[in-house]
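I have a structure I would like to understand better, so I am pasting it below and will then ask my questions one at a time.
For clarity, chains are labelled A, B, C and D in written order, and residue numbers in each chain start from 1.
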Amino acid sequence: MNDPHDLTIAYIGGGSRGWATTLMKDLAMDPDLSGTVRLHDIDREAAAMNASIGNDLSARPDVVGRWRYEAVDDLRGALAGADFVVLSILPGTFAEMASDVHAPEAFGLYQSVGDTAGPGGTMRAFRTVPMYRVFAEAIRDVCPGAWVINYTNPMAACVRTLYEVFPGIRAFGCCHEVFGTQHLLSFVLKDATGLWPAHRDDIEVNVLGVNHFTWIDRASYKGIDLMPLYDAFAKAHAETGYERTELGYDPTGYFSSSERVKIDLYLRYGAIAAAGDRHLAEFCPSPWYLRDPSVVAAWKFALTPVSWRVRKEAELRDRQRRWFERQEAVPLAASGEEGVRQLKALCGLGPLTTNVNLPNRGQVEGLPLGAVVETNCRMARDSARPVAAGRLPVAVEPLVSRHAAQQEGIVRAALTGDRGLAFAVFLNDPQLAGLGLADARALFDRMAAATAPYLPF
Amino acid sequence: MNDPHDLTIAYIGGGSRGWATTLMKDLAMDPDLSGTVRLHDIDREAAAMNASIGNDLSARPDVVGRWRYEAVDDLRGALAGADFVVLSILPGTFAEMASDVHAPEAFGLYQSVGDTAGPGGTMRAFRTVPMYRVFAEAIRDVCPGAWVINYTNPMAACVRTLYEVFPGIRAFGCCHEVFGTQHLLSFVLKDATGLWPAHRDDIEVNVLGVNHFTWIDRASYKGIDLMPLYDAFAKAHAETGYERTELGYDPTGYFSSSERVKIDLYLRYGAIAAAGDRHLAEFCPSPWYLRDPSVVAAWKFALTPVSWRVRKEAELRDRQRRWFERQEAVPLAASGEEGVRQLKALCGLGPLTTNVNLPNRGQVEGLPLGAVVETNCRMARDSARPVAAGRLPVAVEPLVSRHAAQQEGIVRAALTGDRGLAFAVFLNDPQLAGLGLADARALFDRMAAATAPYLPF
Amino acid sequence: MNDPHDLTIAYIGGGSRGWATTLMKDLAMDPDLSGTVRLHDIDREAAAMNASIGNDLSARPDVVGRWRYEAVDDLRGALAGADFVVLSILPGTFAEMASDVHAPEAFGLYQSVGDTAGPGGTMRAFRTVPMYRVFAEAIRDVCPGAWVINYTNPMAACVRTLYEVFPGIRAFGCCHEVFGTQHLLSFVLKDATGLWPAHRDDIEVNVLGVNHFTWIDRASYKGIDLMPLYDAFAKAHAETGYERTELGYDPTGYFSSSERVKIDLYLRYGAIAAAGDRHLAEFCPSPWYLRDPSVVAAWKFALTPVSWRVRKEAELRDRQRRWFERQEAVPLAASGEEGVRQLKALCGLGPLTTNVNLPNRGQVEGLPLGAVVETNCRMARDSARPVAAGRLPVAVEPLVSRHAAQQEGIVRAALTGDRGLAFAVFLNDPQLAGLGLADARALFDRMAAATAPYLPF
Amino acid sequence: MNDPHDLTIAYIGGGSRGWATTLMKDLAMDPDLSGTVRLHDIDREAAAMNASIGNDLSARPDVVGRWRYEAVDDLRGALAGADFVVLSILPGTFAEMASDVHAPEAFGLYQSVGDTAGPGGTMRAFRTVPMYRVFAEAIRDVCPGAWVINYTNPMAACVRTLYEVFPGIRAFGCCHEVFGTQHLLSFVLKDATGLWPAHRDDIEVNVLGVNHFTWIDRASYKGIDLMPLYDAFAKAHAETGYERTELGYDPTGYFSSSERVKIDLYLRYGAIAAAGDRHLAEFCPSPWYLRDPSVVAAWKFALTPVSWRVRKEAELRDRQRRWFERQEAVPLAASGEEGVRQLKALCGLGPLTTNVNLPNRGQVEGLPLGAVVETNCRMARDSARPVAAGRLPVAVEPLVSRHAAQQEGIVRAALTGDRGLAFAVFLNDPQLAGLGLADARALFDRMAAATAPYLPF
């Protein structure tokens, strides 16, 4: 680990208009770190624009974190000797994502996100794993000691691939869904006690499960046990749901939610499902929350169409161009993301306990060793060690263990290019459980055809 | 372990007209063991009749295994000081079984057996676990060193309860479904090579999974690898199925099967599912093989109605009476069951390697420690040690791990009498995956009401 | 967990003139906790004096932590309903300790402490385990949800017994030896960089091993890797040792050390042994550091005779009396111990990461599951979760694993009262490795005779 | 796996005058296998002579197993496409072995064998591991699917290296020491009951531990529990020992033993140490059985000097030449070794349960995963699966776990060539426990110098 003021960060997917911008802003606002960020992207122009935007930002007098940004066309050139590697890519294009999310609708399967589990998440994994093989091999060869932080979904398959291909890698995956649940807990606390605002760091939770289907079995705020408060909250809002904002639930919003899925799972399982309802629903059998759009609406969450993502991306592209052409200045505001805090902890600038995704070495009992699981982790200088989280609640474990076990099949099918195995794995997803075998195969074939250029089989 | 000629066997469920008769006949035909069999049953009259039948049998000149049979009304009296305990009961009556099997039909869920997984198997488990708590406590108190052999279904929940309540117990569970698959393999061998008949002991298989959803990933006969033969067999018979007998598949038969489910699973997963199709289908999502009676017929297996069991039981009852009244002699013929061979192995009369159900101490990698799993086991004098079976094929593991994980919830819900937990566990079964939440709850409530006297909640 | 201002602490060994006083002072100086401390001791008068001293202290105007102290004669009365239990006893008297420490000298075995490993520590364990059985049974019956903090040595055997007897206990063991090593690291840092004083909380270490034979394989201070600094330090001071104080090494001091053992172990194993030299030496073969008093002197540490402890205790007894008789006021000063911080963390008043002793559930790979190991632990409200520490350095593991494996034998021999087993276990200790079998048995018999009233065999 | 009549066996160390001859004879006497044996040896002439001898043998009319023998100079040529690989080499020459066994005598350390544990075994391991790296890499490249059977000592380090270098290897290690203990048990049986001769296959034992320090915790012969018989035997012969032959104990014999070490260990630990006394003594602290030659004589076993091995080898060399020159015919007699039975089992010609050395995947609880352990194993066609052996007796585990933990250090030091690590590992051996640090280092340096050409550091 180098001097915190002479770091090299390789950002793969560095043309991104979302996460890359977030990181640039967060770096700009922190005086404790500086160095070089190498932006690599298959969209070279976007990476170059981000580099220019980043360097402009770094030159501003209101910026305290000084970084040099470079666009680097060559993957290995970007990675060589890096201290940190950030992986944050879109695997394929929105065309493939449209297939992931919408092709299953013809078979009566609706997906709210389609990037993690379900038919969409599974097909996305099949095309992502080969890309991650390339990353892992390059990291092994040119920066084996780097800390590698993954943001790409499907999280578990990405991290699993990194370790499968390069067992010595120092990689973990980060996701903010648990933060959102901690935020919800702060509202629960407020409503029950008037205490407000609770900082997320003070909402102590025990986290265990797999990414986007993570569970909290204990939560407290300082001396206060939040579990009974959450229990009362869940009972009070079971029918109507709960909105954190004055806007309330917006049936036309694509990210809107009233936490009804989360509450429903709590009432049945006695533990808090710690992700957004759109994600949680996708890990369950389809009939529960995703039977059709009217059921989704009744549960007060939303299906996010890819068309929305396309429009959103166009807006971001315009914004990027305005920043690049200096028509507009990048606004500085804390993102609430944790990437920079993690970099600092790994540089030794104060320990941090947070939730991350790592291969299971026992931190979640009852799930297979080697499966990528999400738990708390103690980060300190050059060190990220999982905190023993115990075992999932007894009725939750079967819901999660099948997803944990899917990882191995997904990665194996994609690394070997075995189409028959890929179908068997695809079919095992709980969202498929309502389809007959012929329909499932027809759906698989259709989705595979639509995304064929990216598939290894 | 006593002298093989002075054994005490306690048979719980000893009034049985099926398994108890089988054991009596097998004991009668083996000269190497003798002693006392104590028959205990809540149907005292049936136990007394079996004792009389057994003693009559023992007195016959053509019988070489001499045993004294006693009907013992008191459970602990029957168990006290026993060398072996056989557990083989019907948990509840056919009325409860009718609810298990047929109540779900109103919700579009068809079950071929209904005693292991699915809504029927789960409810059956809830009422069986409390009975097994009583057995385990009694064994702990009055015959802690006995070898306990379970035949009751649901196998895994029964064995799991025994170990949960009395961790020092020496119990395992036996099931002949794998034998049937070995028998099928002998036909596969015959068709491919002309070799016939292969003895089951020579069909070497590696067994791993949970009872009734056990898998074989390697099989051989002497020097011959059976896996490629099975592969060719599966491809040849995928569409039409395969009948072992000249009778062929009988669409009116309640136990008939053409192995089409088994073959279909093989073609997708590359491993041999080692149970009858009626059992296998129940571990999968309902739409695959059990969507409705016509789908079952297309897969050429059968739904066994409880009415059939009632008729069958009446016949057995008549036969028992005829034997008891000495109108008819018990016919002697080897059953093909393995109980007596196991007793002999445990007495030290020659080691035996066979498949049994035991808590996982690592014999199946990837499944939770403590879950009851089925693998091969080396039995010798006073010793039953699992053989390391490795890990399930990668696409099979998620299908099995969820069932393995269910065990803990089933046992916990039943031992604590927590109805909310019981519903959460019930809902997790893959057969339920096609139901919406409201329907699932309605079904649970209806089945619970129908079997209420036997339920702990 | 109750209100932090209405806690009940049961202190077993509450007549103590050392640790009990420390706790009373630390509680007095902290405004965030209050409640009742029940002092239980077989020396009832000492407990009563401490109660009086504690109440006097609580009444002082300069004291911010208000506690009510009660001497409670009955163990179960003291424990009933407690939130926290502190276990800190002297198992037996100094007469037994004299046997532990000095009897082996007749056989050429010198011990620097004699309370953890070696012949002394092993015999001490044999008499402590039965006492801990009584504690565990009482806790199970009257305060099963309490957090139990053990300070008594031998630490591992004490904690292991608690979990063996009451598997549901929430107990951990605390020891300040790692703190001492962190303190040494602050000197290493100062000498290398001039930074001073480093707070212990900023000396981040990864801790793994068994109590008093704990190892640190990574250490950092903020952004600085301390391992290369320690390497240079070790090489510089290998011959002469290192003294932290101006006094330097005092060859007449009974606790004096120049860290030469610690340095020597580092130079061979590449990891930092994290306890005082007096403890470390006792885990190694005797010839290394304890061959005879001249070897001890050459390594610049000390043998602590029990006669010194007797004199020291007399001084403490006098001091206690003066305090009790109000001839003197208890002086307030932070102890540097961590008990009160732990209580606060468990009450939810801010998380704490520190090193504790817990049964191994995977936090130290390569050591047996269930063995009590020392690692970092994340403490928060009602929660103490080990941090995954990985695996010991490859050449250290054999040194530690044998001690970890001894625990099971020690506890089993003491709980069953099996003298033959006790001798076999005793003989396995590495300090005994230089003795012939006859001598070892003679030593065992002599020590057993000298402490017979306290032994279970 | 090929046709049992068209096998290719690669024998590395094929010039051997002991094991190679044994294998040739056993193959000659078995009609069920045939094919080609490729003999590779760095002593090319010896391999060529053995090939000639083997082919002569194969041509004899009294021989039923027909094999073609070839001497192959090139390691990879010998291995290419082999079905089976036998590894049986002398690592270095008798000069190195003389250093291993006798150099420590100058420091008061006597070794009875010097090839497994202790200073000799450890140094031997350091020079063997690099050779095994070469073998593993070649097997990985040219016959990855072969079954690899190791006979070379130190067994555990050899097998561990094979798996470390090529994790996919199908290797196990075989040793006949447990057979010897089964043979002893047949005498115990005879003396107690008159039953004679018991076949080894009928002496059922549960085996667990590390090679040459393996333990038996259960033993039976048909219906008879052998443990109480052994207990009586041990008590009866504790003082005088026991000789199986009419010759009795021969104080001048180099392999003679009266089982006194084995009996002494049993009396203390309650389990049967299942290797010859010469091996067992070396795993214990030196003062127990190896303090000096008079102690060895008192325990009635023997130190085997390397000079004896040199003389013995000369005799074998002469015999080989006579056979090669057809002055003498190879006499046929069953060896009692099990290699050919294992080949047959792996070919599918009937399953076999026997003891072998394999990496721990849970078959011995309490020892580290990955360490090479010895347990029973079920062998069948293309399959060798360990039988779960449970946990070592509580007082035995610390004796064994340290040796299990040493493996990792031995292999690491040798593969990395880290001399410092090598010394640290060397020092951890229990035979060294009586030496001071300076003496231990002097011994290490002297032994390293004497064997330097073969060492990786």
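Operating definition for what follows: a residue touches a chain if its C-beta (ideal position, glycine included) is under 8 Å from a C-beta of that chain, and two chains touch if they have at least 3 such contacts.
The structure presented is a predicted model; accordingly, all values stated were derived computationally and were not measured.
Of all residue numbers used where subunit B meets subunit D, over half belong to both copies. The two sides are thus made of the same residues. Taking each chain's centre as the mean of its C-alpha atoms, subunit A lies 44 Å from subunit B.
Centroids built from CA atoms put subunit C at 53 Å from subunit B. Contact with two or more other chains is made by residues 365 of subunit D. Interchain contacts close the chains into one ring where each touches exactly two others, per the touch definition above. Residues 264, 268-270, 285-288, 291, 295, 365-369, 394-395, 397-399, 401-406, 408-409, 412-413, 420-421, 423-425, 427-428, 430, 432-437 of subunit A are the ones that touch subunit B when the two sit in their complex. Across the interface of their complex, subunit A is touched by residues 1, 3-4, 204, 206, 218, 220-225, 347-351, 353, 361-363, 365, 376, 378, 380-383, 385-390 of subunit C.
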